[in-house]
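Each of the next two complexes has chain A plus one more chain, namely chain B in the first and chain C in the second.
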Partner chain A sequence: MGDKQTFLKQFDSIPAVFPVQGTARAHIHNGLDFPTTRDEYWKYTRVNAILDKDYIDNSWMPSSINEYSIPAMDSIDIVFVNGGFNKELSSNASESGLVFGSVLNQDGENKNLILEHLGKYADSEKHAFSAFNTSYFKDGAFIRIKKGCEIKRPLRILNLSGGVNQANNLRNLFLIEENAQVQIIAHNIGAELQGGFVNVVTEVSVGDGSNLEYYLIENDGDESSLINTTHVHQAGTSTAKVVTLTQSGRLVRNNLNFDINGQGCESNMYGIYFTSGKQHLDNHTYADHRSPNCESNELYKGVMTERSTGVFNGKIMVRQEAQKTNAFQSNQNILLSDNASINTKPELEIYADDVKCSHGCTIGQLDDEALFYLRSRGLNKLEASKLLIQAFAGDVLEEISIPALQEYVAEFIHKKFEDLDA
Partner chain B sequence: MAYTETELAEELKGKKYEFGFVSKFESDKAPKGINEDIIRLISSKKNEPEWLLEYRLKAFSTWQQMKEPTWAHVHYPPVDFQDIHYYSAPKTKKKVDSLDEVDPELLSMYDKLGISVEEQKRLSGVAVDVVVDSVSVETSFKEKLGELGIIFCSFSEAVHNHPELVKKYLGSVVPMNDNFYAALNAAVFTDGSFCYIPKGVRCPMELSTYFRINEANTGQFERTLVIADAGSYVSYLEGCTAPIRDENQLHAAVVELVAMDDAEIKYSTVQNWYPGDENGKGGIYNFVTKRGLCEGRNSKISWTQVETGSAITWKYPSCILKGDNSTGEFYSVAVTNHYQQADTGTKMMHIGKNTKSTIISKGISAGKSNNSYRGLVKVLPKAANARNFSQCDSLLIGSDCGAHTFPYIEAQNSSAKVEHEATTSKIGEDQIFYCLQRGIDEEKAVSLIVNGYAKEVLNKLPMEFAIEAQKLLTISLEGSVG
Partner chain C sequence: MSDFLKIKNLKASIDGNQILKGIDLEVKPGEVHAIMGPNGSGKSTLASVLAGREEYEVEADEVSYLGDDVLELAPEERSRAGLFLAFQYPVEIPGVSNINFLKAAVNAKRKHRGLDDISAKDFMFMMKEKQALVELKQSLANRSVNEGFSGGEKKRNEIFQMAMLEPRLGILDETDSGLDIDALKIVANGVNKLKNDENAFIVITHYQRLLDYIIPDFVHVLFDGRIVKSGDKTLALELEEKGYDWLTNGVEAI
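Let's turn to the complex of A and B:
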């Protein structure tokens, strides 16, 4: 592996705006090392390719964002290009109760909130990539939904990366106050990105009685690496749902952490992935039940083809005080090639007795009998397989409650399958 | 020199006075600590051939370069490896003249297990002539085994009488550099069992270490090697269902099984070593490496374990499914109470085509204990049509205990079908209520429910064992409710 200091040195010219950035720099420059496959939580994922590269800051700029839109979606957009906020391309948000802008451009009350919450949930002491992000992020989205407000249109954070060997650190902060409601889409696109590295950290605080839906669409291109870390801190009787769709990426690592802190919380995690080529996709989730009477649901489904590899590690932690927890976790995989592989590890760590927890995972392939049934009714093999894959993905698709987005994901699966067959 | 079965039978007959052999050795206990000299001493005391000494020394130098594993979900003060007698004669219990002198707590436990008075005397080391009886029973069994060509003897005997078999298979399934404790065992193992079932022979009885004198005292570093040649079958029972108060703190045993074409090995363990008292003081550290190799086509290895003892358990009986169509099974009940900690599970390595494995693990935690299942199911690229089903259930009794599941599943073949499911819950209040309503008190109700919960695994044990194991479950969980 390349030298850590040489790697970090490339970013030292980025100014440290917030005090947490200085602290994180001290951590990452001194004791904290990037993970290797000897670390239990990085056992199947090698990050050498990310660390060995020389990065340059490209001046790439798109003229419009039309080609990066989701068809039929009426969203309020905020645009970041290579980690920096772009006001011209972003929409104007005029909804009452909504603050939707860049982390750097806030002042007054909002700035104080940022100072209070930034770095509170993401751990920069133990996790090197989070510390790296905290140290060198240029900007990120700041979303605040004020008490009791409901935002009708989905908010979209468009994180565009372009150019050769571009490295981006984006840092988002969402504060969903009491009894508020919102849908957020984080849309990552590597447009003309070659050999880039995108490192996103998102911190979310969900207040009592509020409802958050958060969708991650990851499409950074087949030559790029993405590390996407999300921390959701839930209070009170809130409901949060995170759905992750991975479309492309040479190396993708998703870290999704739920901190379940209030009584009566509901936490939902869904994921869908369809890997091909030499893709390596690693989904890590962690549901930390710290309060009684909460419920968490998790369902990750994926198809692995060609030479791709998939990793799933889901952990449910139920602490001693978290009695009456209901936690469910499921990971289902279809392997369509002998060169593809899947490593899955669903974990339970339970210290309370009055709980109902279960997890399951399966690895299999398309059912021959089902294929035969469909083919005997006149469908060709491709159509029959496509239908089965759609049915397989169906229960995750159903969880996407924005119709345009659901359609977009269904279309992606459809198309991916056809491309593979061709 | 060729060794005949008659000679073996003769020799086995002569084994009945081994108790004398023990007291003779007690005086020449080696000093504490481990080094090359100690290993040479062990080897020379046992009059071992040169190749075995070399094997031990090599293992020792490997061990020195290894680090104690820390990944298991258990916590305990570090073991001082220089503070152990690596060569002491197998420990004998103080001989007493009648049961009146035996710890009454131990006796009441025997009663609950339904062990006969004679048996109780034997277990508590009361010097009675009943031993002679059991030896004669033993000898007649051994004659029968000898007729079939089955070799069943202590490891040391096997080294002298069947060096070619030992040399061929020792370390073939668990290599000396496999892990820290396996390396330690390879360097200093003192004795153990050796079993060879010839081609096409179906062993007519359950082979049990119980029948081999001194077995309960073989000590800390036991080495077991079971080889089932083509088309043979053997069911092997290990352990003792009585709560033996062993004084050794660290146990690092190695068990190797080899099954050739169409052979089947069924290996059952009931482990009830001293778990420490209700404050977590004392107790055995049980760090065992058990692995079976399904070498041949259509071979089958089945592990069944009931683990109720030991303060710390670190044990993963595994199957390497190398032969095509081979089958691996793992059935486990692990109970922890008070401050016990268990980290146990299995590994199923699918290498051959059409290999199948089943894992049924039932964990029960009570008191302040922690019980973890840790398992690996790995399907290698060539293992077409591999099939695995795993089920890991945990039952929690009381709010201070923990139950954990760490399954690793790695599939590299597109025709593999792997399923894993796990649940964690407590005994339902409605279930307890139902029992109470019918006049069954709470303690009995818990025992009833727990036994029902573990039934799937207990059913896999040979009958006599199953009954005792059921009683053990009840005893282990005593006082955990109410």
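Let's turn to the complex of A and C:
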């Protein structure tokens, strides 16, 4: 592996604006190391290719964001280009009770909130890529939904990356105050990205009585790497749902962590992926039940083809005080090629005695009987497979409550089949 | 004119067990052939092999359909060429809507003939017309393929699909099993309406009753992978009366 200091040095000219950035820099320079496959949680995912690269800060800039839109989506968009905020491309629409802008551009009360919350949830002590993000992020989205407010239109964070060997450390902070409601889409696109590295950390605090839907769309292109770390901290009786759609990426690692702190919380994690080529996708999730009467649901479904490889590791922790926890987890995979593979594993740690927990994972092929039935009616193998895959993905698709986004995901599956056909 | 369907010395095995041991059968346009025979004699296997199920090892001197070597064609190519199998046990496919599936099937066939996709309006019209033909409840069309259908509904749905695809050669594998007497008449009536001089049907059944409604030109008895007797419709009556023993005595079963 390349030298850590050489790797880090490339970023040292980025100013440390927040105190946490200085602390993290010292830590990553002097103590914390990047993971290797000897680390349990990185056993199947090698990050050498990320660390060995020389990164250049590109001046790439899109002239418009039209081509990065989601058809029929009526969202309020803010735009980041290679990790920096772009005001011109961002929408200036606003709604009452909403603060939606860049982390760097806040002042007054909002700035104080950022100082209070930034770095509170993501673990820069133990997780090197989080520490790396904390150290060198240039900017990120700050979303605050004020107490009792319901935001009608979805908020979209468009994180564009472009250029050769570009690194992009985006750092988002969402504060959903009490009894608030919002839908957020984090749309990562490797627009003209060649061999880049996108490393996003998002911290989310969900207040009592609130309802958050958070959609992650990952489309950084087949030559780039993405590490996408999300921490959701739930308080009170809140509901949060995170849906992750992985569209592309040579290497994608998702870390999704839920701290379930309030009584009667509901935490939902859904994932959908369709990998091809030499993609490697690693989903690590963690539901940490710290208080009683909460429910977590997790369903990740994926289709893997060609030589793509995958990892799913779903950890459920039920602490002693988290009595009457209901936790469900399922990871289902369809392999369309003999060369595709996935390592899938649940990880349960339960210290409370009155708990309902279930988990399951499946790796299989399409049902031969169903395929034959459809083909006997004139559909070719690909068309028949497509109908079966659409059916397979159906229950995750239903969890996407923004119709335009649901359609976008269906279209993505459709498009994947067209590519396979070609 | 090339032969319609011609089968010579067809053999099929699965997992090393030979199920079909040399079948000869010729079907001409406008004909209805009934195939009867005891459980396990290979009737469904014959139907599956003709439809293109890939699990079997198949060999034959000839299996030709409209001039094509059937065994060389993928299941979907056989279907587009007008071959249709109404399954003995139609599979349930949760999550795939009947309508989307049928539209894809109809369009696959149209594409094969060089036609554009069917318009939404024409498709709905066609659906209504064919549903009426087999008196299939309209609500079933909106559900997933066969999911939660009763036994009889599944069979009706097979005939409905057949009506939608208007095959040249329809193979009905025990479509009558599980149908009540009224449904049996409706299904038989549907088949009779689809019948013309250009197409043909192979009807697999255990019961003479169906053949009162769909009148066969030929009746064949399949036993242990071979056709051991062929005759006209009176053979079915004879079987109804006497069973199979008189035919199968002396035929060696393995």
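Convention: the second predicted complex is superposed on the first by the 422 of 422 C-alpha atoms of A that agree within 3 Å, B and C clash if a C-alpha of one lies under 4 Å from a C-alpha of the other, contacts with A are read in each partner's own complex, and residues count from 1 in each chain.
As a convention for this text, a residue touches a chain if its C-beta (ideal position, glycine included) is under 8 Å from a C-beta of that chain, and two chains touch if they have at least 3 such contacts.
Model, not experiment: these values are computed from the prediction.
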Should A:342 be classified as contacting the first partner (chain B), the second (chain C), both, or neither?
first
By the touch definition at the top of the document, which applies to A:369: first (chain B), second (chain C), both, or neither?
second
Please work out whether A:383 is in contact with chain B alone, chain C alone, both, or neither, and reply first, second, both or neither.
second
Using the superposition on chain A described above, determine whether A:411 touches chain B (first), chain C (second), both, or neither.
neither
If you count the residues of chain A that each partner touches, which comes out higher, chain B or chain C?
B
What is the contact status of A:116 with respect to chain B (first) and chain C (second): first, second, both, or neither?
neither
Taking the superposition as given, does A:355 touch the first partner, chain B, the second, chain C, both, or neither?
first
Is A:74 contacted by the first partner chain B, the second partner chain C, both or neither?
neither
Which part of chain B faces chain A closely enough to touch in the complex?
71, 379, 381, 394, 396-426
Spell out the residues on chain A that touch chain B in their complex, using ranges where they run on.
40, 320, 323, 333, 335-365
What does chain C use to touch chain A in their complex?
51-55, 74-76, 78-80, 84-85, 87, 90-91, 93-96, 100-102, 104-105, 108-109, 112, 144-145, 161, 165
Within their complex, state which residues of chain A touch chain C.
367-370, 372-381, 383-384, 387-388, 390-392, 394
